[in-house]
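Chains: A, B, C and D, in written order; residue numbering restarts at 1 for each.
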């Protein structure tokens, strides 16, 4: 099962885990997840995520399909929030479900590393009265590149 | 923050995520988790987890401390269920919270790999009318060994 | 052909999307960026740092040297920062 | 000294815990296993496969060649299978 959702609504991790586990069925004994939260360091008071509607969902589904080809997975989930959010709130939740824990853990790391470079999202931070676009990190390219083969 | 819980109660992943995230504060932008579920393959209808009260909690706390020394983590959680449970139910939930996703992902993999070999739990499966103790897997020793240094 | 812009590229161009009719000599997305840069100072400012510009052709990520080849929609934007 | 047993070791010994008073010649956990095996056929059966036996000394995992050294509690059990 591939589940992709891009939405302005807060991410309900408990509900998403239940969906991922149910899709895995009784064969899927391992679920690895990654959750990204808005960090409040450097005085950031708000983060706004812009995205490319249509292209975003397509990129995320493609990423899930790539993970499913690379590992034996019973379920792959990517939930990405867009719009304004505050420090401590969840930006992204990815889950990989498999019969084997190594596959679930590796697929989860792959999904979040590649999502950082392969999906059309842009972050804008508010600090005090002004806002600034977040620059892409070189470290993200390096992390994503380690999965290319 | 280190949180260790060994209990017969079902594991509430949504509640545990909220606790882990709150402990991480606004500096902890990344949470990686692993959830192990009872598999229903091979006709297993029930799994019972026996443990060594006192020694179990001590072993799990030690594992959390080791992870905290190895990576910069704002929170480490291990929740392990004991007693009887059914296919699809959660056996174990581990979470690692960090400012950096690589640390959270690696610590999470370390925790589950080492938990499989370093904590006193024993699984007994029910298949039809009889029960059998689950044998330790050589693959678990190999997975745990890769973290030794 | 529909152009769409995101993040600071959108802010600098001043619109989130626009319809354009480039001449036949505009073959690749890089050609299109050059041609648009000649149309207004806002476009020129938005596209000044070519190494910080990324593109999608009909909603799929492509490099700037990709031919336009009858595309319905070309998107221009900065390097992505999701997740 | 308190002995505690788990999983199929417990089932084969027939009790989950017992107090024992080994002679002074019993120095290590391996010595203790040998001595207990001579006390009853149930103990001998439980400890027959020495390579499948693991131990804890006062609730910390140790190898079988560890000295008992005044321990209050020794646990014997199969390789663990949690997680």
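Methods note: a residue touches a chain if its C-beta (ideal position, glycine included) is under 8 Å from a C-beta of that chain, and two chains touch if they have at least 3 such contacts.
Because the structure is a prediction, the values reported are computed rather than measured.
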(request) Could you tell me which chains are in contact with chain A and with chain C alike? (result) none
(message) Just to be sure I understand: going only through chains that touch, what's the smallest number of steps from chain A to chain D?
(response) 2
(message) How many angstrom lie between the centres of chain A and chain B, each centre taken as the mean Cα position?
(response) 22
(message) Averaging over Cα atoms per chain, report the distance between chain B and chain C in Å.
(response) 48
(message) Taking the mean of the CA coordinates per chain, how far is chain C from chain D in Å?
(response) 73
(request) Could you please state the distance in Å, as a whole number, between where the Cα atoms of chain B are centred and where those of chain D are centred? (result) 26
(message) Give me the residue numbers in chain A that touch at least two other chains, ranges are fine.
(response) 36, 112
(message) Multi-chain contacts only, two chains or more: what residues does chain C have there?
(response) none
(message) Thinking of each chain as a vertex joined to the chains it touches, would you call that graph a line, ring, star, complete, or other?
(response) line
(message) For this structure, enumerate the chain pairs that meet the touch criterion.
(response) A-B, A-C, B-D
(message) Under the stated contact criterion, what part of chain A meets chain B in this complex?
(response) 12-15, 17, 21, 24-41, 87-88, 90, 99, 101-102, 104-105, 108-109, 112-113, 143
(message) Show me the residue ranges of chain C that touch chain A in the complex, using the header's touch definition.
(response) 4, 6-8, 56, 59-61, 75, 77-83
(message) Using the touch definition from the top, list the residues of chain A that touch chain C in their complex.
(response) 36, 49-52, 54-55, 58-59, 80, 91-92, 112, 115-124, 133-137
